[in-house]
Amino acid sequence: MEQRILLTECPDSKGLIAQITNICYKHQLNIIRNTEFVDPVTGQFFMRTELDGIFNEHTLLQDLDRALPLGSSRSLLCRQAKKVVVLVTKEAHCLGDILMKVYDGSLSLNIAAVVGNHPELAALAQRFDLPYHFISHQGLSRAEHEAALLQVITPYQPDYLILAKFMRILTPRFVAHYPNRIVNIHHSFLPAFIGAKPYQQAFERGVKIIGATAHFVNEQLDEGPIIQQKVAAVDHSYSALDMEKAGRDVEKAALSEALQFITEDRVFVHGNKTVIL
Amino acid sequence: MEQRILLTECPDSKGLIAQITNICYKHQLNIIRNTEFVDPVTGQFFMRTELDGIFNEHTLLQDLDRALPLGSSRSLLCRQAKKVVVLVTKEAHCLGDILMKVYDGSLSLNIAAVVGNHPELAALAQRFDLPYHFISHQGLSRAEHEAALLQVITPYQPDYLILAKFMRILTPRFVAHYPNRIVNIHHSFLPAFIGAKPYQQAFERGVKIIGATAHFVNEQLDEGPIIQQKVAAVDHSYSALDMEKAGRDVEKAALSEALQFITEDRVFVHGNKTVIL
Amino acid sequence: MEQRILLTECPDSKGLIAQITNICYKHQLNIIRNTEFVDPVTGQFFMRTELDGIFNEHTLLQDLDRALPLGSSRSLLCRQAKKVVVLVTKEAHCLGDILMKVYDGSLSLNIAAVVGNHPELAALAQRFDLPYHFISHQGLSRAEHEAALLQVITPYQPDYLILAKFMRILTPRFVAHYPNRIVNIHHSFLPAFIGAKPYQQAFERGVKIIGATAHFVNEQLDEGPIIQQKVAAVDHSYSALDMEKAGRDVEKAALSEALQFITEDRVFVHGNKTVIL
Amino acid sequence: MEQRILLTECPDSKGLIAQITNICYKHQLNIIRNTEFVDPVTGQFFMRTELDGIFNEHTLLQDLDRALPLGSSRSLLCRQAKKVVVLVTKEAHCLGDILMKVYDGSLSLNIAAVVGNHPELAALAQRFDLPYHFISHQGLSRAEHEAALLQVITPYQPDYLILAKFMRILTPRFVAHYPNRIVNIHHSFLPAFIGAKPYQQAFERGVKIIGATAHFVNEQLDEGPIIQQKVAAVDHSYSALDMEKAGRDVEKAALSEALQFITEDRVFVHGNKTVIL
């Protein structure tokens, strides 16, 4: 007996749930949990099915392909930890939070390596017995730096890259290597305060709530599909630095909840949005 | 074309979702939204299906009854406002919140009448053109008072009674007339501070968070199935009265969210718990 | 014996708290609650002092004026309900929330009148025995409409105007009549989604949290000092309309908390920010 | 120039703020932030004053002692990290959170050592170069085990003990060594679910919110002064184990916020409550 997750996405039509669950039933699979969603604007159907049983993967997928309409995609995922590479700059809190959550079993990730454009966080990675690759951007063009990053990252064959306060903007060329597979934590409640120094911007605007946004990276800065957002109350007594400090917990929470969704195969990307089932 | 909600509850077995959704498909009904849950402890299966189409109610239910295991229950509900009677004592905020939400269309309820054991809220009910029945408990035994309440309530044939800060304890005899159909708002985060004067109790304990609990009333005081709970932060500067004032918004939120669930036919009662799909 | 609130604002200097509290002590006034703040960027000092005793207002203010540095302002406020005029368009929820909170004693405001550019909410105002002035903007230039509004509003001599979902942009000319005395509820988490249709914008961006912002109105659209912000979680299943509905509670909460601060004389305006003591 | 914090506690009387701030002024100290509270039930006055300047500690305290009424206590604290010993059992998340926050500078604590009644967390302590003392309770009476703990802890002369999921009940005899200086994290929203297995209790009661409580330990189990409480929403789909997992973040948040208050010298204990200025 094994547990797997079936993800289905296709144009909506009547009877889809019945068809898919019937096929599962014919395969003698038990549905532990089933969630689905139809986007009322685009008419796209999404379904996530937690299954339990003995899987004849080939036949099952064949049966599904026969039943599903054209333009469908489906995948049958094993419950195994995703392999990730974490990219960082100098700030320890997001990396540290991920490391501790993996360590204490709260987050099921296989961290292959940490890559930084500064040396500061090497010691932290090493405390958790992880390789740390220091790839300075000093003296390199953006293209050269990204080539150097890819050279280090590619051999690990990661499922996802996690930008845990990696303070460099990635080019579309780099992003294209990992489409919808790069998770960034932006330190504002997007779309407020796009770009640099969001806490300084928030301070100057006099907001009463600060936020953080975990999102997939696409070609446009801070415009990728949002996975999770979290907020915290602030007041007039917070300096920009106080907001930054208060923001750390918010950033950690948004990023680790987004990663949790990903580890559970709950995230579909649909245009510039996410559907989380 | 019409929209209806199918609620199914039965002992879990393999293929239930497939069977039920197949029957819906054969009836050419479109599933707008489907949610289900299996209680891992009791093995009970719950499913709520929003359907769209032309309903042959008799045949549909017959087909379901044939397919479902023994001990199943299913109902096919029309989307129409539940009829309720609201019971109150002196405090206006919960009644007022319900009245305003019904007035502005946020809450879909058909309020048949307001019944109070004090006269204070008659004016408020009348502002919204509702009958107000003042049934004083003065000089009556508990049994007599409840008989008087029932005499007034029964003719309205309400789907639910809402205790919107009704400060009387109802006997099992009364409750038996409306099993799992009486919604109470208790002014504490149950099971903390059961019984009288919960804000005073909370103040004396020095809590940093206060709460409110909306629950179905059963035979045991403050022990019925919880529908929703809400909380708010407090601190040392709050007197018991300040907590009570801060608690008003929490009470309103917990009660109106619980009522929202009920109006959407999302609440199953399972033992002393609720399953909200 | 009486309770009053002393608000002081001046450039910071050493010993200010000692000087002010000394003067209060010499006047045999008891300090119930004292809060102060120094803006570290501008060096401005703000203090709010709840006092209890017998007030010789003239001498007390004279003593303060002697002690405080040039450029100071101070005021000694009685605890009495502010007089307000509420401006609305068609949506009932914010007006209704204010009316109910005033009715049940949660909010201490003296509502002089409701003014609407549509007739829809007249019935609601009348349920609470308030005058409703329907001032249509149809066929009027902006200047003419604002003149008509002022003609109705001015005789009430309101302390504040409350824009409770008043869907018209006010000109600087109008705003100048009530500097930092017009409170607006904007249906987004400012500065995200400035301008029209913020819920539609939020929906299109695929945010996971929606918000509302209560702020003072100044010459620039949606740029005035923020008083309070509140948020609520949403997900992919929310249409723009669902977000708007979910936003109602957020709007009510942000607006009524802002009004609560104002009724307690806790809000200082400092540049484009508020200091809330 | 130096920054210090003056904490004052005494029976309330008119003019206290004036007297204390005057003395600070005469010592040419600048008040950065001042907060105070009078308990309306007990009439006790509490004040916390952040001061900046050159301190003549002896004279300052002498001046204060002359001015303050009988039964006063005051202390002038340097801003230096408190020394703590952390007690643990097997669960890593609270210890790990504290270690990471100290590591990344979010929490200013001087962790002298970690003491565990199980060996599991030795490796984690060692990753952060901290001594780990494994003091098994196996085969020891409670008195013997506590004596062994004290023997290890005492030489460190800690300001506080932190019970970071230390799953042993301490006797009043032990607690008396560190009155109001032992911080515990209890995995429920006290006073709900006192005692063992609170998540199991919460699951069985069908609550919709779970919580955690950071409190000082006194002689009575789970009855000490509450410092901070945090909550998280759960639903019917959470098993007791799911609640426990979801509770980890709540526990970490409640404990680390409580520790933050303590590191900033903001916590007064008053009877069985805390006043946090």
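We call the chains A, B, C and D, going by the order they appear; numbering starts again at 1 in every chain.
Basically, a contact is a pair of C-beta atoms (placed from the backbone, for glycine too) under 8 Å apart; a residue touches a chain by one contact, two chains touch by 3 or more.
Which chain is which protein? Per UniProt: A, B, C, D = Formyltetrahydrofolate deformylase.
None of the values given here were measured: they were computed from a predicted structure.
Counting the residue numbers used at the interface between chain C and chain D, over half appear in both copies, so the two copies meet with largely the same residues. Chain pairs A-B and B-D differ in how many C-beta pairs they share in contact, with the greater number at B-D.
Here the CA centre of chain B is 40 Å from the CA centre of chain D. Chain B has its Cα centroid 38 Å from the Cα centroid of chain A. For chain D, no residue reaches two or more other chains under the stated contact definition. If you check the complex, the residues on chain D that touch chain B are 37, 39-40, 189-193, 205-209, 211, 225-231, 235-237, 239, 270, 272-276. If you check the complex, the residues on chain C that touch chain D are 14-15, 17-19, 21-22, 24-25, 28, 30-32, 34-36, 38. Taken in their complex, chain A has these residues touching chain D: 91-93, 96-97, 99-100, 103-106, 124, 127-128, 245, 248-249, 253.
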